[in-house]
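Read through the structures below before going on.
Look at the two complexes coming up: chain A is in both, with chain B in one and chain C in the other.
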Partner chain A sequence: MGGGRKVVCQAFTTGYIMEIFLQLTLSGLSQGAIFALIALSLTVVYRATTIVNFGHGDFVMAGAFFVYVLVIYAGLPYLLSSVLAILIMFVMGLGVSRGFIDPIKSGPHIGFAMMSISLGYVLRGGARFLWGREVFPMPRIFDMEPIFIGELVITGDVFFVSLIVAILLSVFFFIFYRTKIGIVIQAVYQSERGATLIGVNVRAFHQSMWGVGLAMGAMAGILIAPISLLHPDLGATFLIRGFAAMTLGGFGSLSGAVVGGLLLGFAEQIFGFYISSTLQDITAYLIILAVLIIRPAGLFGRTITVRV
Partner chain B sequence: MKFVLNKLSIGVVFLSALTVVSGVQASDTTGLTDTTIKVGVMGPFTGNASSYSKTQIGLMAYFKHINDQGGIHGRKFEIFPEDTACAPAKGIAAAKKLVHQDKVFYLHGNSCSAVAMAVKPTVSPTGIPWIIAHAVNPKISMPVNEKKSIYHGVPAGPAYGSTMGEFVMSKPGTKRIAMITHTNDWAKAYCSPAIEVIKAKGGQIIEEQTLERGQTDATAQVLKLKQAKPDFILGCLYEAETVIFLRDAKKYGLKSPVMGTAGTDLENTLERLGDKDAVKDYYVLHAFVDKVNGPKMKKWNDIILKYNPKETITGFSAVSMASGVAAVKALKAAGRNLTRSKFIAELDKIRGLKTGILACDITWTASDRHGCKKSAVAGFVDGNPTVLSAWGKAW
Partner chain C sequence: MAKVKEQNLITRERLRWVYYFLPILALVIPFIVNEYILWIVNAILVYTLVTLGFNIIIGNLGQLAFANTAFFGIGAYTAAILMVYGNMPYILAIFMSAIVGGIAGFLASVAALRGIRLYYLAIITLAFGELMRWVYLHGDTVTKGSDGLKIPEEIYFLGLSLDSEVPKFFVFLLLTVLVVKVTSNLMRSKIGRAIVSIRENEATTASLGIHTAKYIILAFVWSGAIVGIAGAMFAVLTERVLPEAFGLTEVIIHFGMVLIGGTGSIVGSVIGAITLTTLPEYFRQFPGMDELFFGIIIVLILLFLPKGLVSLLWRISPAFKERYYRD
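Up next, the complex of A and B:
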């Protein structure tokens, strides 16, 4: 009985409640950082080409598998393997755009969706064919002694993932808003016709954005695989979360994708702890439903008014 | 005219009877030649549950081993592997192919309970002997089907689940049990019988948490469980989610011991976590008489590696070989004039068969087709993987 009373007392201490909340927040933001990266990579392609890449989850998985191959089979260091995998995925993005998207540009828009789904499944099938019977552990690269602040635990996973994503996002937004390349990208985003008139090669731009999108997706895969496990179905879980983050932040909004991802990660933890863990898995769907009904443009999306 | 019609009718009846009799005889020996026994082996050779197909790899290696020993009464196994991808629709197609196109003598194998349950309406009416060598849903083989042709050669859910419950309650002072599970039938097949045993022994379930497949973080679940302060945790989770749960449990200082299912194994869980400290309080159902790479398992592992040199031995590899041993015993007993009926009759005579592989003896009767009634448990004792029969008690 004494033990039971102690549990109750501890459970209702303000400090304890605060510690739990902070722990959930930290974990949520760390997971959300990955969702943000995936949502941002989806948005980069969507903003440039108006194509929603339904196969993106599998490109995330492919990036992680490239690192696995380079580390395990080629014996390269993890960091070098990651850089090479990101480059490979960038080139793959260029190839996807040139080889699979450009040829169907004159067709119906649904063709893009079908193409991206098909490409994703081909990648997944290929991975299953090559590694189908195993679930692989990735090298533990985020190991460090946990930092304790009272009962609050900051582990290597949380620390490094949050830090790396923060650096990547800072670099991305710096390039986007503070460099000439970024200004060109913004120009094409605003008006493709205008950009063409000032000499921008819009076709090459689309291809580059596919490359950037896939490379950023690969970064997410590279960060998540050492924390979870690597398997061909890894990306499916993240695709729907990427969509939910995009929806919450506002379709086409780069900063919205990031905020949406972080909020989704946080919401999953809060739903899972304070309501029910059975709801955790459907948090992304609940957010999509709620946002589309209450505020279809999302938090940062622009409401487009068409005058007829 | 009437006489002719009568004669014709008698002739038709006679021919029909002859056809039926010969048909029965033909179907009773379908899949047999003078030199071969055709056996269909269904398993998830592709897909995200394909790590389970190691059990079929092991079973097929055993059949090849028997062939190399000279076969059974002059016949050798002709193996027909079929992929189910752990998907019911694909499983049904595989079963139809084996039954109607390949015309196998009997079926042996099957991981994935959902596939076996989906396949059952196709296979059961044919009366083809079918030995379930890995899937755990008890309803696959019991109640006994109308043709009395289906057998379970591994512990089914109730046997595994009750072992989990028995082990948890064997720890002195255990009263408060928490659970973390998937919400599918597979998890229920383990956890429901475990809960029954726990409640019957005076334990209570104080917290239930869900971790669905594909989730990559268990912070919320672990913090809830930590708050509940359980004496033991039942973990009905697949491999990947088990790793994520144990990782987060260590991260947030959840120190209660965890009892896992046969869907995971100790060595692989350790390999995937890469952290001995995170698995030191993890206990898992262990079907075998020894550690996966223990001396008693060497003979069986060597057979697998002889025919599959690149195979990695895991806790799944030898599971199905035990029912292979039982099948071979029955085939030998049925003699050279083998039929499906004789094979079934001999399977029903198997009593207390010590396969040297599974921790349970196999016993089949005409009214009870759950051949294995118990399992061992594996856990780390003093840092070493150890096979246990109860808390602190070596097998």
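Up next, the complex of A and C:
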């Protein structure tokens, strides 16, 4: 979304203050859409299993790399590759839950944190081992002439990313709140023991939620890779922003993750433009610190603090 | 019958003498290895303290706080800044690093005391560490940004010039042994037992009339001070303090050292530091191999040796278990 910046500078010289703000909002929201998707994918796993996937950034990267492999080496069309990569990541999620999380289920949370970090390291190390330290251009599918609305410029990237994330989120929330599967998921979220009593297989549920989480992470990776280029460290920057979005919206809240992601994207642009461009990198950290100190529950979350 | 006798061979009393003897045995290392290997040995000594400090919070106190690189970086920059701009003698700079590290530890404990625990604590401390790194990067006038702050050429520790790896080794060994011994005593005292008790059950501990907040603060401050000292050693070891040395990947390596060695064990901290400082040296030439190796070894440890490599020693004799440690 580097394109937005240049346009902003041009507009600045002509002095359209409102247009600058709108342009910043637009690019902030489209970045925020990606953060929202990542935060939501983290939340899905967290709500189901109470595990925060600290290696999620690398799973996001792995999803994008699978698309790259399928398009470049296997010569498959882009859309088919994306669907296949998302399926691969879903299956990987099942495997991670079954093979790596279940065996240490009885241990302390420190083990889960380290397990997810290590699995991420294996993926990142694997990608670096196979492809070296280079940066890969991902084939672009969103090539489109920018749309002009008055002084506002909407680039193809911004347009498609926002559109696709909006569709994905609508589908997700529709499934979650309006279908039978969604109601079962909500039931397990509320009470695992209760769900077990009415015959829900909670173990299989945990596995499939890992699958869904990683698949959604892969979607974010596939959307971001054509814009940010593909490299093994792709995910690391997005992980901390996913955390910031979750914290801002309220840990464990699904709609909070989306709102938090959008707000974070917006805040990054505003801080970066109006205060200092070096602040853009640490907006996420500042938000985490501020939220956890002032209101640990975030915007929509329940109380998380422990009192003894 | 024979088996019982074999177990009696290793007793806590005898092991104590072994532990005392090990640092004396280590004194011969500089005379039998070359500069490069000695540099790695020095790094092991630094990372022993890093792991030891981290282990107090993760293993003994049982809190998921990742502020370790923040303490490490704060210690390193404190020592470097005081030596470069204040012309302070190294021994005083180490002392100041410990104090400033302890203050940073206190700040981290405030988050835990406010009731921010588990993943929230992990995330807020990660953010703290990254913010500190941003400060090193953008505090150009003092920290020299991404070029790194070069420490003075001539450094003396009580009159001993630290111009090569050999004198550094003796100084580092002295510091490490001192800190390990004090920490070991501290962890066996009332304080250490209260800290482990908080890990096991905070509410029960409080109900026994133990002021939990006090011991949580103590654990964080002690951890910060130890890692601060390690930072001051690290500054002299690398001779140039760079912001990259205190990033996210570093804190994960520290975490790995704690887990590989064994959570909540001082012997484990030493084993973890040795393992993860030496082994990656072999994989340096292949990109990605070190990460791959790190990931795989920790997955294997978590699956098959959840108490860390130190639990292999426990199988030989229970005398290796630290007394305050219970499964």
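Criterion: the second predicted complex is superposed on the first by the 287 of 308 C-alpha atoms of A that agree within 3 Å, B and C clash if a C-alpha of one lies under 4 Å from a C-alpha of the other, contacts with A are read in each partner's own complex, and residues count from 1 in each chain.
In the analysis below, contacts are C-beta pairs under 8 Å (C-beta built on N, C-alpha and C of every residue); 3 or more make two chains touch, one makes a residue touch a chain.
As the structure is a computational prediction, the values presented were derived from the model and not from experiment.
Contacts of A:Pro232 after superposition on the shared chain: both chain B and chain C are touched.
By the touch criterion defined above, A:Gln269 lies against chain B but remains apart from chain C after alignment on the C-alpha atoms of chain A.
Shared-chain residue A:Ile224: touches chain B; no touch with chain C. Touch criterion met: A:Thr278 reaches chain B and chain C at once. When the two structures are aligned on the shared chain, A:Ala113 is found in touch with chain C, with no touch to chain B.
Applying the stated contact rule after C-alpha superposition, one finds that A:Val122 touches chain C and leaves chain B untouched.
Look at A:Leu289: by the touch rule set out above, it reaches chain C but stays clear of chain B. Touch criterion not met for A:Gln190: it reaches neither chain B nor chain C. Using the contact criterion defined above for the overlaid structures, shared-chain residue A:Pro103 touches chain C, although it does not reach chain B. Measured by the number of chain A residues touched, the leading partner among chain B and chain C is C. Common to the chain B-facing and chain C-facing surfaces of chain A are residues 128-129, 132-133, 232, 236, 278, 281.
On chain C, the positions that touch chain A within their shared complex are 58, 62, 64, 111, 114-120, 122-124, 126-128, 130-131, 134, 138, 202-203, 206, 212, 248, 252, 255-256, 259, 263, 286-296, 298-299, 302-303, 306. Interface residues of chain B, counted against chain A in their complex, comprise 45-48, 50-51, 53-54, 183, 209-212, 214-217, 219-221, 223-224, 227-229, 239-240, 243-244, 251-253, 271-275, 312. Note for the complex: chain A touches chain C at residues 46, 52, 54, 100, 103-104, 107-111, 113-115, 117-130, 132-133, 232, 236, 240, 243-244, 247, 251, 278, 281-282, 284-286, 288-289, 292-293, 296, 304-308.
Residue ranges on chain A touching chain B, taken from their complex, read 3, 7, 11, 20, 23-24, 27-28, 31, 128-129, 132-135, 137, 140, 146, 153, 155, 157, 224, 227-229, 231-233, 236-237, 268-269, 271-273, 276-278, 280-281.
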